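Quick heads-up: structures coming right below.
First chain A sits with chain B, and in the next complex the same chain sits with chain C.
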Partner chain A sequence: MPKPKILKEIEEVILSRSPARVEKVFSKVDSSAVAPEEILGAMTAGMEKARKKLKEGTCSIPEFLLCIDAFRQGIGHLKDANADVPRKEEAVVIGVVEGDVHDMGKNIVAGVLEASGYRVVDLGKDVPRDEFLESLKETGASLLALSTMMSTPLENMRDVIEWVRRLHPEVKILVGGAPLDERLAKAIGADGYAEGAADVPGEAERVLTQRARPMEIPVVAK
Partner chain B sequence: MKNLVKLLETLGEGHMPPLGTLPEPLLDAVASFSCARGRYTSLSRIERVLTTFRHKQPDRVPVTPILCAGARQIRGISFPDYATNAEKAADVYCSGFEFVGGDLLILLWDLSVEAADFGQKMIYPEDSTARPDYEDPVVREVDDYGKVKPIDFSKAERMQEFVKLCRIMVRRLGLRTVLGGFLFSPLGVLSMMRGAERLFRDCMLYPKEVRRACEAITQTLVEFALAQCDTGVSAVAIDSLYASRNGLPKDLWEEIEGPFTREISRTIKKEGLMVAVHNCGHDLYIDAQIRSMEPDAISFAHLPDDCNTPKELKQRYGDQVTLIGYIPTPLLVEGSPQQVMTACREQIDDLARDGGYILAPGCEYPPNIPLTNAFSLIKAAEKYG
Partner chain C sequence: MKPERFDLSLPCPEDILPDVISQVGYPSSRELGDDIREEIERAADQCLAMVDPAYLYKMTPFLRLEKGLLVGRDVEIRSVKLAHLTKRLREPEVICCLVVTTGQALEEAMEEAQKESLFHGYLLDAAGSVVTERLTDQLDQHVSGLLGEEGYQTTGRFSPGYCDWDVGQGQEELFRFLQPESVGVQRTSAGMMIPQKSISAVVIGAREVSLRYPCPFCSRGDCPHRREEEGSDLHI
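Here is the complex of A and B:
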């Protein structure tokens, strides 16, 4: 059965870079005629196209930011219509480590993870270690994504990872940011590393389907 | 004759003359002589750097560890003192030069020097680089771009203090090494006053407003550049980070910031100084930056968008600009000295042929890590260069 025209429009408008056009398209959506899962599916397809273009280099970061905005506008419309927005089971806690306030990269990754269906708990920037630990405890998240754009907070990142290993050994840890590469990510104890936002969904999937790691740091009795 | 008198005067003042005021054939002759001399004996730092800038092979590859704030560890000077006090900053740079070494010194405080003087509230952490307080940006709304005006440079505290740093360094090291000043590009300054994420959206949705603010900022940056030129430094570096995949699409960068970086570059060149570009972004638009600024050198951390290998970079651009770089930050943080030296050797093999290359980190040396790998860079240049 051919896709309703509106779904095609939704998919395309995610890449339009025009907030006004996005608003126009979503205001036309008749929630009684098209199921929320289909709308979300079209939005996700649009974001997936944008993510591929980002990876290829044919979509720039400013353009991608507008795609994320468009996706979030769509989520806003679905929530306004009291539609159930289906999410994956896995929750992700994300934040910029203490000592760093550069959050654009983290914001883009959060947007990509949301668009990939994860429930994202965004702790913001300059996040102390204990806030990460508390959030993991409260949310039961299976993935922790840490970001920094500077070399000076790397020790803080290492510290968070060490404590997460002690207290939440089941949680997988993904890191990213300018001073990092795959090798350094491994050296500081992360399970995965994403060079750019476009690589995040694949890397998140990879680390979450890894077999449980053997304990390397003894659990500290609380 | 007038030029010769001027040359002797500046040497008498204890610093290099602006090389752009000397005839090109003379500079080439001196470089050729140094190149020949370098086969048999060690060159001075200045000879080595100038020979490489003239795209001739010196005695060995010049090296700069771009220590900056990293050198404050040597004398225990705090980050806030380093970032706000020219004398203390000069002590940091000089101790880095004496303790670690290097053939040229790039004077770089942080990326918020200019924005602070445009009224951006600053935070000076004890153990990290000075930064804007993004909770209190100068540009809160799109309408605020129109309120950005050129400032009275005589009252620009941080920029004036940085100029003072340049003067002190020229006085202390003017004839011992090549010194370079630094400034952030107009869009970079604006990102410190608006936040990069909001600025990027604005570049897409409100490019005219952004451009107008860049124009106002450029007027002040031209004064800042002129003041640095007047101190006796040999070059000024322009950080144009957003001319890369970390920033704007190439055509938009050329439209919004290109003309302003051109104006700043021309100002510097008119004073006879060299222009360097620093861009530690991924896939930097080296072609667009060459078109806009015609730099003498480019300091980079990643390959440009149109080159897949360092050999290709050297082939395509090696005769147009001196390449400065590009040992990766993560390697300096976590790599062993041997691993760092191996990476240096590989880059020297790919980029150093026929001069036009200076070994360096891709960006400022990470300021809170031990200086071990700074020594590794120096050692690698001596051993493999």
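Here is the complex of A and C:
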């Protein structure tokens, strides 16, 4: 099959809502003729369309999740073919803060970040502060994504942010979850806030390209 | 009043389907494609097959109202809004505390499903939420029936985290009194329950209940959980 045609098919199948069709399209891919970067590029283009549709309200959350599943299926095929899956340099550490066990939203965000090319280190739910700090140290991640669906663990989220600022000041922090809004995210010290899964890649990009914040030097009156 | 055993019965898949469809974000089944509808049905079936319901309830005498606090013999509920509601009841005398869980098997199935497919995991999670509510409705009806036999009317159920009732304080009180660990329900440091698909709540029994929910005492008109009752024009 000519290269542009298969790439177009890959892009389209991400939006097809059909795992069986995803299988069929990927089984046709001749990995010696198409580079993994090109396959991934087509998959990402499909995901980008899905994200746009979700934002516009023309795609439901379940339909969007089918697109993420299709993307993950595609990554699985690339890995099965021993292809070196190209990823962004930045790693993202993600987790639900200690005290909360609701991880559906976090799992969706992890899937979206993965589909946007990030290396995602998912620590799971009810994650203690020190585990986040340890993981940032080990992975050298540039971004930390924290979530909670309840208001009680917000104090734990604020505590994690405070410690990350002390020990890993270079790491950008993105937060999300039901009790948060932009104002509260700022108040607890986060760099960015994503209201929904579709906003996550844009917000991640924004905080990562932010210039390092200038240090605040106290003015001393002479 | 001693708790009386009864069996929670699982709802039929077709009974929960409209609620699951709404829970996953579709206003009605008309908006669904056949493919998604079939998957929702599959998730509802799988959910019901995994549910192993358990419950616990205990009643304790209501003693008095203090400022924003309901004092029972064994529990204290710190909520200005529930206190407002209780003030409106005639002879509030009983606080019934309850917990319902769908069990650990569903919790594990949801976790596994998400690893394979976020789509299916999401549907299963939604079905789990609907089933948990339905089971809690049954227990609620059961305890309301028991209290009714004693001449009490009951308020709507009120859970930690509702309105101004702090989840942490609420769960701490209910867990201390009920000890739901005996039916497999744990709580995290912040008061979340494990399994996630569990509900804890209180119901107040009084000789006359003219309002079942504290919503009329709340000025948050845009609250998504707001419940309107007939004749509820008591906005303050």
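Note that in this section the second predicted complex is superposed on the first by the 210 of 222 C-alpha atoms of A that agree within 3 Å, B and C clash if a C-alpha of one lies under 4 Å from a C-alpha of the other, contacts with A are read in each partner's own complex, and residues count from 1 in each chain.
The rule is short, and it goes like this: contacts are C-beta pairs under 8 Å (C-beta built on N, C-alpha and C of every residue); 3 or more make two chains touch, one makes a residue touch a chain.
Keep in mind that this is a model prediction, so the values were computed, not measured.
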Next item on the list: Quick one: on chain A, after the overlay, do chain B and chain C clash, or do they fit? Just give me the call.
Entry: clash
Next item on the list: Kindly classify A:Arg17 by the partners it touches after superposition: chain B alone (first), chain C alone (second), both, or neither?
Entry: both
Note to self: With both complexes overlaid on chain A, does A:Pro62 touch chain B (first), chain C (second), both or neither?
What the structure shows: both
Margin query: Which partner chains sit in contact with A:Val101 here, chain B, chain C, both or neither? Use first/second/both/neither.
Written below: both
Note to self: Is A:Asp126 touching anything from chain B or chain C once the two structures are fitted on A? First, second, both or neither.
What the structure shows: second
Margin query: Which partner chains sit in contact with A:Asn156 here, chain B, chain C, both or neither? Use first/second/both/neither.
Written below: second
Margin query: So in the superposed three-chain picture, is A:Leu180 touching just chain B, just chain C, both, or none of them (first/second/both/neither)?
Written below: first
Note to self: Once chain A of both complexes is superposed, is A:Gly111 in touch with chain B (first), chain C (second), both, or neither?
What the structure shows: second
Check: If the two structures are placed on top of each other, which part of chain B overlaps chain C: 4-12, 310-318, 346-354 or 364-372?
Finding: 364-372
Check: Same chain A residues contacting chain B and chain C, which ones?
Finding: 17, 19, 60-63, 65-66, 69, 99, 101-104, 107, 150-153
Next item on the list: Spell out the residues on chain A that touch chain B in their complex, using ranges where they run on.
Entry: 17, 19, 57, 60-63, 65-66, 69, 99, 101-104, 107, 150-155, 178-181, 183-184, 187-188, 196
Check: Once bound in the complex, which stretches of chain C touch chain A?
Finding: 24-26, 31, 33, 35-36, 39, 114, 117-119, 121-123, 125, 161, 166-168, 188-192, 194, 196
Next item on the list: Please give the residue numbers of chain A that touch chain C in the complex, ascending.
Entry: 17-19, 60-63, 65-66, 68-69, 72, 98-104, 107-108, 111, 126, 150-153, 156
Check: For the complex, which residues does chain B have touching chain A?
Finding: 125, 127-129, 131, 134, 195-197, 200-201, 203-205, 245-249, 252, 280, 282-283, 305, 328-331, 333-334, 366-369
